[in-house]
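Structures are listed in the sections that come next.
Look for chain A in each of the two complexes below; its partner is chain B in the first and chain C in the second.
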Partner chain A sequence: MKKAHVYAIPAIGAALIAVLAQISLPIGPVPFTLQNFAIGLIATVFRPREAVLSAGLYLLLGAIGLPVFAGGGAGFQALVGPTAGYLWFYLVYSGLTSSLTNSKSGVVKIFLANLLGDALVFVGGILSLHFLAGMAFEKALVVGVLPFIIPDLGKLLAISFISRPLLQRLKNQAYFTN
Partner chain B sequence: MQAKLIGYQHRDTVIHRLSGAGKLLFFILVSLAAMISYDTRLLVLIAIFSVFLLYLSEIHFKDVSFVAVFATVFAVLNVLMVYLFSPEYGVGLYGERSVIWQGIGAYTLTSQELFYLLNLAIKYLCTIPLAIIFLMTTHPSQFASSLNQIGVPYKIAYSVSLTLRYIPDLQEEFFTIKMSQEARGMELSKKASLMQRIKGNLLIITPLIFSSLERIDTIATAMELRRFGKEKKRTWYSYQALKKGDYITLLLATLFLVVSLLLILQNQGRFYNPWK
Partner chain C sequence: MDSMILGRYIPGDSIVHRLDPRSKLLAMMLLILIVFWANNPLTNLILFIATGIFIALSGVSLSFFIQGLKSMFFLIAFTTIFQLFFISNGNVLFEFSFVRITDYALQQAGIIFCRFVLIIFFSTLLTLTTMPLSLASAVEALLAPLKRVKVPVHEIGLMLSMSLRFVPTLMDDTTRIMNAQKARGVDFGEGSIVQKVKAMIPILIPLFATSLKRADSLAIAMEARGYQGGKGRSQYRQLKWTLKDTLTILVILVLGCCLFFLKS
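Right, the complex of A and B next:
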């Protein structure tokens, strides 16, 4: 594998996450953005190191002030505020899911790996709502998890069905060959 | 997503002439100070200073109005959210309860809660201008060298530069694909049904993802051919050494942070309590 891949891949990955995070579909009361869809896709398609670097690079850009988080949020406060847990656990999501999948994984395996990763993001969300926003665990669950379950399942399905043809198409690139 | 992410605008101001590293450190330190403290007096001072810096940078509101409005809406939603979930959080913090409005059920309105929410709002007023200033007065090529100057490995710093380079490319590609699909009869406005819009957005996002990831090999190969990463260090075309203005900037930032920490001691906590 080319050495430059280690740095080019996370850069494109972070750029893709940043662009998709700004896309918002007008569905239901909860804002439906593609931020965690993008994280999940990068986690599925990339290898663990590049997937985590992509997510880390994305967080770094947000931290230094670029309005790349969903809803145009930016700056340190997003990383230490009540919803910071979701953002930090994207690192966990990308690391875990990418280590559970490879370029030959089937749709079901991809879906389950992303389901597990996304569940951990919710764990992070509950933790930050509890410890940083002073919210009771039950309330954090009601507010921070339940409204997002159905939209997120939809995103996981989309990730699962897009990943297969995507990996097929990228087969002629050295990085995506296993 | 019609507006571009805000970007560099060339002008010859004292802020533009500072090095990117100095500005980045200033932004980080002052943001830290504003984050740590809930002392209203310090927050107001930082907020006023931030707005003054905007003026000094010759950044006009129309240049940043899209992002500013977006960030403001986001901040307002955040503040409202805090109230919705903890309507009397301020009462617990400040130890007094002055009811302005009895409200409905748990949703009273007290001076203490208002004061707390005011502090939250001012925090946004402190940090959003600083972020905008840093982004609009620092040439993108200097971003990477700035990060390297403050200790980030140059390869990581270069990834940041690459990301900044490709965000506008991907945005432009998004619009190109969208217009192509609409030219083929795809309906995305409110006239279309929900399912139609979902399908339509997928038809835009899928080719965007494919074309984005396909360019990886091209970029990596080009970098290899130019011997990227061969040495432990590298030089920077856009490097700018720290000068007197930068040291003054850093001193000022450190001062804010120190004052922030000292006020914690004086207030016996992070909160300035006018009811004590």
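Right, the complex of A and C next:
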């Protein structure tokens, strides 16, 4: 791949995450944001290097003030507050999931890879709730993980079933043929 | 889309607006570090006074800062109340059924609350008084020492600027694609969860396809214009560090020293 391409892909990937994170589906009374859905989709579609760079650039975009985090959040407080662990572990999620999948992976493999990545995001959430908000680990688990398991499983299923047709249609793109 | 390009920037000509973005970014990072040293009422009071002065100097209305607090309100309230109810050290002030509040829990809850508010204020002050593009330059500049450990600093700065440029474009693309699909009969707001997820596919496929094509076109255009990587490049945007910037950092370092010695 040529030099400039190496930088253009992650930049557009970060912008994609930022845009997708703003879409919210009105499911029930609570808006269902797609922030980690977007991370998972990028992790599934891109290769490891581009996926991790996209996630990292996304965090930087939010840090410097663009309202790109879920719900229009922005600023450095998102990266040092009690929920910062979720955001930082998106780097781990994107790296791990993109390492385990490729453009020919089946639905089951995509689901399992995203499940593993998403579980690590919860680990990050527990860590930041414990160290930055002063919660005991058990309490952090109860309030920071359990309520989100069902919705996140739904997102993982959505990622798995959307990725297949997405990868099929994109296979002629220069990124996948190089 | 202007709101996305500007982030949360509020145009102004205050002393804070005119500081070099590097000194502001550095100052904010130092202040966030200092906040974690503030663990008693006196140190928190000093920090609040200092923060009040900084906000006044920026000339930005307090309502913007309150708005920043609002978006984090649930989290602040939740964590503060959590501290109040679950810390059991210290003397009992109030007890009823399973609820038990001690003086130590009250103090810890207060400190956590102050910490939250201060961090949000510092961060909001930075993003309200600095353009995202300036902050991207500042990030690249502050990452410069990492060049010595082989971190590709120029490339990170480049990708950050490119991302900044792409976000409003892709936002427009998404809107355009959604409207085009609506015109062809796709309904995004109705149906079961499964149907709503299926409705995402006609948005995502064209969005990814056009994005990857755009990245490809951009890369080709860059190379056609002579881009060969970071080495040997000059820079159009120049940041100027002035005496005001040095004084700002010194003030914050002094503040940090005071808090360090006053912390319990």
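Here is the rule we go by: the second predicted complex is superposed on the first by the 169 of 178 C-alpha atoms of A that agree within 3 Å, B and C clash if a C-alpha of one lies under 4 Å from a C-alpha of the other, contacts with A are read in each partner's own complex, and residues count from 1 in each chain.
Rule of thumb we're sticking to: a contact is a pair of C-beta atoms (placed from the backbone, for glycine too) under 8 Å apart; a residue touches a chain by one contact, two chains touch by 3 or more.
Everything numeric in this text was worked out from a predicted model, so none of it was measured.
Trainee: After the chain A overlay, clash or fit between chain B and chain C?
Mentor: Because the two structures are overlaid on the shared chain, the partners are seen to clash.
Trainee: Should A:41 be classified as contacting the first partner (chain B), the second (chain C), both, or neither?
Mentor: A:41: touches chain B and chain C.
Trainee: Examine A:134 and indicate which partner it touches, taking first as chain B and second as chain C; both and neither are also allowed.
Mentor: After superposing on A, A:134 lies in contact with both chain B and chain C.
Trainee: Looking at the overlay, does A:57 come into contact with chain B only (first), chain C only (second), both, or neither?
Mentor: Touch status of A:57: both partners.
Trainee: So, A:14: does it touch chain B (first), chain C (second), both, or neither?
Mentor: Both partners.
Trainee: From the superposed pair, tell me which chain A residues show up as contacts to chain B and also as contacts to chain C.
Mentor: Common to the two interfaces on chain A: residues 2-5, 7-12, 14-16, 18-20, 22-23, 25-27, 41, 45, 53, 57, 60-61, 64-68, 71-77, 80-82, 133-135, 139, 143, 158, 162, 166, 169-170, 173-175.
Trainee: Which of the residues in chain C come into contact with chain A in the complex?
Mentor: Residues in contact with chain A: 3-4, 7-9, 28-29, 32, 68, 71-72, 75, 78-79, 82-83, 86, 108, 112, 116, 119-120, 122-124, 126-127, 130, 132, 135-136, 139, 155-156, 158-160, 162-164, 166-167, 169-171, 173-174, 189, 193, 196-197, 200-201, 204-205, 207-209, 211-216, 218-220, 222-223, 227-229.
Trainee: In the complex of these two chains, what residues of chain A are touching chain B?
Mentor: Touch residues, chain A against chain B: 2-12, 14-16, 18-20, 22-23, 25-27, 34, 41, 45, 53, 57, 60-61, 64-68, 71-77, 80-82, 133-135, 139, 143, 158, 162, 166, 169-170, 173-175.
Trainee: Would you mind writing out the residues of chain A in touch with chain C in their complex?
Mentor: Interface residues on chain A, with respect to chain C: 2-5, 7-12, 14-16, 18-20, 22-23, 25-27, 41, 45, 53, 57-58, 60-61, 63-68, 71-77, 80-83, 133-136, 139, 143, 154, 158, 161-162, 165-166, 169-170, 173-175.
Trainee: Help me check something: in the complex, which residues belonging to chain B touch chain A?
Mentor: 1, 5-6, 24, 27-28, 31-32, 35, 67, 70-71, 74, 78, 81-82, 85-86, 89, 123-124, 127-128, 130-132, 134-135, 155-156, 158-167, 169-171, 174, 194, 197-198, 201-202, 205-206, 208-210, 212-217, 219-221, 223-224, 228-229
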